[in-house]
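I have a structure I would like to understand better, so I am pasting it below and will then ask my questions one at a time.
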Amino acid sequence: MPFINVKLAKGRTAEQKQQFTEAITKAAAQILNVKEEWVTVVFDEYERDNWASGGTLHSIKFEEGFGKMGAE
Amino acid sequence: MPFINVKLAKGRTAEQKQQFTEAITKAAAQILNVKEEWVTVVFDEYERDNWASGGTLHSIKFEEGFGKMGAE
Amino acid sequence: MPFINVKLAKGRTAEQKQQFTEAITKAAAQILNVKEEWVTVVFDEYERDNWASGGTLHSIKFEEGFGKMGAE
Amino acid sequence: MPFINVKLAKGRTAEQKQQFTEAITKAAAQILNVKEEWVTVVFDEYERDNWASGGTLHSIKFEEGFGKMGAE
Amino acid sequence: MPFINVKLAKGRTAEQKQQFTEAITKAAAQILNVKEEWVTVVFDEYERDNWASGGTLHSIKFEEGFGKMGAE
Amino acid sequence: MPFINVKLAKGRTAEQKQQFTEAITKAAAQILNVKEEWVTVVFDEYERDNWASGGTLHSIKFEEGFGKMGAE
């Protein structure tokens, strides 16, 4: 506790996920008053044809690279 | 907002997912009183040995094609 | 199957949720090729201080009524 | 109803998932006072670089086989 | 790991939830080859107007007591 | 995108949730290469008799204040 589920577009490296996990976990420990070893983080990575906003799949809406800055 | 997560058996085409997304998004806008661009839809697709009902995995319970009409 | 989870701001009536459920369920039957009785819809309703976007809780960002049109 | 979502490390066999499903479903029927055919179980299987605890991805923290006894 | 989320109709006692948790946890340890202390179980309890099947909210479809046997 | 769901024990203030949201959102922007306004964070708060670990509900296992440091 806490259990943190991150849903995002496929395409981040293990190194990015590790850095993000560290940042979240430290923030949880400092702000939410829990121990770091209590924090679980799990990532659900989505193909662009399984994520839609405004009524349109991102595989249709965006070019390759969507979900990274400059690619909005 | 809203964020809509659809869990279903693998096997729909991107075109089906797009049509379903459109239908959900329009319905949300009309009925729930939100803007279409606020609506997110994400699909989680399951292999038949990761979905069970009545105590039995669907990979055991059903033939190929389960989850489509006529295949109950 | 499918199992559809709708996360949204608190404040819709049972009637709105019933209408939305009907619309989603019919769309699933027509487009995803499933029977209506297979479709489950569950709503998770959120207080505005449990939902944040762009780094700010909606209880801070928005006036009462957020999540309804005209209230963006 | 109930709908039970099991998130775990990749690597169980279909037979293990079937046995676990049966056990959960029977327990739900006996203890929660529902019919077995109402119970749905879905498994989300995670690669070790999508699951972290204590601030570290399990792909970094553990050798192959993590999530099975003897492998802590 | 594993993390098990149980979504069900409101109305079970803490004692029922404790018994079900014990049963699931033991089954996980025996069948999935994990330690009992690794297993987390969380319950999401739903009002009947936040759960629908076959296109109808359970608050409309069922009398009081739905989700318990004899009440289908 | 990303959509981040934080499940935790009830009892944090809106101020703690706001600070945690800010920290997560900034970390996502810096590390995952997304814009801050793309990031959604939602909190699911649990009563202690809806969260269990090691086979025991936290309402049984812990005194008041569980989930905060010093209360393990």
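A, B, C, D, E and F label the chains in the order they appear, each numbered from 1.
The definition used in the following text is that contacts are C-beta pairs under 8 Å (C-beta built on N, C-alpha and C of every residue); 3 or more make two chains touch, one makes a residue touch a chain.
Quick caveat, the model's predicted, so the values are computed rather than measured.
Q: Spelling it out: a chain qualifies if it touches chain B and also touches chain D; which chains qualify?
A: Under the touch definition, chain B and chain D have A, C as mutual neighbours.
Q: Note whether the interface between chain D and chain E is symmetric in residue numbering, meaning over half of all numbers used appear on both sides, and answer same or different.
A: Interface between chain D and chain E is built from largely the same residues.
Q: When C-D is set beside C-F, which has more C-beta pairs in contact?
A: It is C-F, judged by the count of C-beta pairs in contact.
Q: Distance from the CA centroid of chain E to that of chain F, rounded to the nearest Å?
A: Chain centroid spacing, chain E to chain F, equals 21 Å.
Q: In whole angstrom, how far does the Cα centroid of chain A sit from the Cα centroid of chain F?
A: Computed from C-alpha means, the inter-chain centre distance equals 15 Å.
Q: Of all the residues in chain A, which ones touch at least 2 other chains?
A: In chain A, the residues touching two or more other chains are 1, 3, 7, 40, 42, 44, 51, 53.
Q: Please categorise the chain-chain contact pattern as a line, ring, star, complete graph or other.
A: Here the contact pattern is something else, fitting no line, ring, star or complete shape.
Q: Following the definition at the start, I'd like every touching pair of chains, please.
A: A-B, A-D, A-E, A-F, B-C, B-D, B-F, C-D, C-E, C-F, D-E, E-F
Q: Enumerate the contact residues on chain C facing chain E in the complex.
A: By the definition above, chain C touches chain E via 14, 17-18, 21-22, 25-26, 36-37, 39-45.
Q: Provide the residue numbers of chain C that touch chain B in the complex, in ascending order.
A: Per the touch definition, chain C meets chain B at residues 1-9, 12, 16, 19-20, 23-24, 27-28, 31-35, 51, 53, 67-69, 72.
Q: Any idea which chain B residues touch chain D in the complex?
A: 7, 44, 46, 49-57, 59-60
Q: Within the complex, which stretch of chain F touches chain B?
A: 1, 3, 40, 42
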